[in-house]
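Note that the chains are named A, B and C in the order they appear, and that numbering of residues resets to 1 at the start of each chain.
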Amino acid sequence: MSDASSMTVQENVPTESPEEPQGKKEAARGLWGDAWYELRRNPIFWFASFIVLIVVSMALFPFLWTSVEPGECYLSRGRQGPSADRWFGYTFLGCDMWSKVVYGAGKSLAVAVIATITVTLIGVGFGTTAGYFGGFTDTVIGRFTDIFFGLPFLLGALVFLAIVPIRNVWSIAGVLSVLGWTSLTRIMRGSVLSTKNKDYVDASRALGAGSRHIILKHVLPNSIAPVFVLSTIYLGVFISAEATLTYLGVGFQQPNATWGLLIQEGQPWATQGYPHLLVIPCAFVVITVLAFILLGDVLRDALDPRNR
Amino acid sequence: MGRYLARRLLQFIPVVLGTLFLLHYLSVLSIQFNGDPIRALFGDNAPPEAVLDQMRARFGLDDSCLDTRGNPCLGMFIDRVGQYARLDFGIDFRGREITDVVSERFPVTIRLTLIALVFEAIVGIVLGVLAGLRKDKFVDNAVRVSTTLLIAFPVFVFGVLVQVFIALQFGNWLETQAWAPDWLQNMFTPVYLSEFPWLSLVIPGLVLAAFSLASIARLTRTSLIENLRADYVRTARAKGLAQSRVVGVHTLRNSLIPVVTYLGIDIGNLMGGALVTEGIFNVPGVGGLIFQSVKANDSTVIIAVVAILALVFLTANLLVDILYAVLDPRIRYE
Amino acid sequence: MTDTTIESKKSTESAVLANLPWDPNAPLLEVTDLQVEFHTRDGVAKAVNGVSFDLKAGETLGILGESGCGKSVTAQAIMGILDMPPAKIAGGSIKLRGVDLLQLDEKTRRAVRANKIAIIFQDALSALNPVFTVGWQLGELYRKHTGATRAQAKAKALELMKLVKIPAAEERVNAFPHQFSGGMRQRVMIAMALALEPDIIIADEPTTALDVTVQAQVMQLLAELQREQDMGLILITHDMGVVADVVDKITVMYAGDAVERADVHQIYERPAHPYTKALLESIPRVDMKGQQLAAIKGLPPPLTNLPDGCSFAPRCTFAKDRCLTDDPPLYDVPGNRQSACHYWEEVFNS
């Protein structure tokens, strides 16, 4: 196309036409506009978002969902199963199960959100630097990533938690972040690598733009889509991970009310005729994680330009 | 290919050292910040200092660098690496060689992991291919829904529920049925039984495989769909080849490449999952060892075993990378 | 494979092909009123809207038009490799020596593909399977269509590579597609098309992805091979320079319609359709230095929402009121040519 002597037919020039046909829905929408258009019409998006909203509101405003305090426990009511006036029954200490579940959402979600934000910031930062600047920087960051990657997630978490005796939202979120940043970094790096070679980056550079400008205005917005998807899914993954660690005994400890602990308590009772002690907290974990994964999935489909 | 291999090996060594150093530094920091684990063993009934010193020497914890916070203790690290190279991973707090303890437990874990790997690879790929070929039809939707659901279950939730409802309750029901053959009954046991080293690992193996199976199915499906859209498929059809050949020979090979890569990473998932699964089903494997050590707060064992597992993981990844180059000729010449 | 199965495979396909009612007096290829639609969720796109042309043995037809005008879809419809949903052949016929390909069942159609008609695609890198060697991919045609053994297939592959003048063929037969340069890859594609000695080769933008010098070599090779094997060649392109050298006659396509059909000289000397005329005028020429490039203003219409009347009217300098309401048929123009324009005489004489 750059050869002046090639005689080619005029290709589509998308801007200067005076008579663009009416009612074209494809007018300058961009990737995100297109994605939102797709999402709006997807029932799974609404379903998943609905659940996420419920869980978030349980975390932020537990009092909206139950008037019973999670600490209001009477041993006499211990282990009572679901009944007409108490749909979710009582825990083995006689605490209201529903209340425990609602209040349990808070800490789990807090850990997940903090960990996800941290991991996304680290991932975007390292990934962009490695992908854009390449060469030695890329090699160093790459090896560093490989080193952390060499620790399988759960095992690494155990090691870190064995070192750090504190058990609160920040330490657990911290441990999850330290082990989870590697995947996001790699994905971001890959995305930046393919964006970096696009023509508009070259054009920008030819116009004299500095690296910072190119990265912020051109590379970042166009390569961030996969990270967006992954971060959404990570919210679910981290909730799952925190529950696992708590269940193993290295996460939150009693008397916190988190789902992992409820499951841990409920497990031995399930076979003794009190399955609700196990099944109900399990269901909450699974449904919440499911909602985030579905959200990530529909986002991925919506952002995929090849699905046009 | 030779250059690719050389490069991968050259990357492998510093990463191994780096990961080992990371673990080492963590254990060093632990001692520096949390205090001496030897003294902590005895609590208030500490024997004389000389005895403690002797014990510290035995565990390799007598280096003075442990007194200053933040000191990376490089000398200790080099000693440690030397030890690891001689396959000496230290001793646990009861005096047993960790290498011995681990080798006792490895066979069980390998059996468990093998069952999981075979199941997840076969079922996962088959489901993924079926779903990809019948995109948007019933099979596809069924696979997508079920795999998404499976992924949403944390391993321990799935394991606990399966143990209670399937292994135990269904197993009990099965015992009352006269028609059920013995081997079937023995499969549905809630805990590992050494009399049935393979059968009683089937259900734990399936639990372990669940998450990975779902991921493999989805990955295969996406990969197949993408490859079915590729230009070379059009060429294959233009050559007058039957659809079965176009899919079975041309696209399958290309589609399985990302799956192979995933299997490498998955070994890390399997290790973590094995930890949980062995804990739930009382399997006396390496995971069970870590599980117990976590409960007993035995950090030397935890770190040593994690070091071993990390080495296994990194080696497995190296092998997978080589396999990847065998499957995808474009990689060989990078 | 045992000898009997090899023989039976070969004979089944040849038998199937031999049993078709070929008419040696009919033109080699005759496409009549072909209509192809794509059913998408944004509506039905009419990609090919009643296109007709024919081809004789030894002749070269150029199908000229811009991106999206339906030329590739036409080629793929002839080959029968369109994805049937969402594509649908809504009408017309494609006759190979009198046999309507659209009426054949898939198995017979498969026998026709590569044996009788072959296609060369634009981007050889993505059109070749990256995980199999070039020799394997060439040999596959023989093994599957004629039942040859692997050794025989490999020997044939080598022969083909030499035919298209790929240097060091003995080593390169075991190489992978990404190890070839663009021009060499395109030769591999040509070799693949020639393998079973088809009667027709369709070349869909064979040189668009190549440098000018390589373009010339590839076109020359194609022309030579066509002469040697007396094949019909359909050249699909948007590059008017390439077309001028090689083809005997041209069909110009716009928005799914064939808007002009004529011999190559006729088109270049005296276009009879405003679109063709505008195309010719938009070619930059050395003696136009310093002047503004003449581009055709506007965009082609969306295929899901074609206007009543002439599709080109909104962009046409010759357009009058009638053009917006009456869709022009192909008028006959003296000299055995056609033009789909109500006012072709004006264009012809301007």
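The rule is short, and it goes like this: contacts are C-beta pairs under 8 Å (C-beta built on N, C-alpha and C of every residue); 3 or more make two chains touch, one makes a residue touch a chain.
Remember, it's a predicted structure, so these values are computed and weren't measured experimentally.
Distances from each chain's CA mean to the overall CA mean are smallest for chain A.
By C-beta pair count, the most extensively touching chains are A-B. As a whole-number value, the distance joining the C-alpha centres of subunit A and subunit C reads 48 Å. Distance from the subunit B centre to the subunit C centre is 53 Å, each centre being the mean of its Cα atoms. Distance from the subunit A centre to the subunit B centre is 23 Å, each centre being the mean of its Cα atoms. Residue positions of subunit C touching 2 or more other chains: none. In subunit A, no residue touches at least two other chains. Touching of two or more other chains is recorded for no residue of subunit B.
On the side of subunit B, the complex with subunit C involves touching residues 230-232, 234-242, 245, 250, 253-254, 257, 327-330, 333.
Within the complex formed with subunit B, the residues of subunit C that make contact are 76, 79, 81, 110-115, 118-119, 121, 123, 126-132, 140-141, 144-145, 176, 178-179, 189, 192. By the touch criterion given at the top, residues 143-144, 146-148, 150-156, 158-160, 162-163, 165, 236, 240-241, 243-244, 247-250, 263, 267, 270-271, 275, 278-279, 282, 285-287, 289-290, 293-294, 297, 306 of subunit A touch subunit B in their complex.
Taken together, the subunit B residues at the contact with subunit A in this complex read 11, 14-16, 18-19, 21-23, 26-27, 29-30, 33-34, 148-149, 151-157, 160-161, 164, 168-169, 229, 268-269, 271-273, 275-276, 279, 290-291, 294-295, 297, 299, 302-303, 306, 309-310, 313-314.
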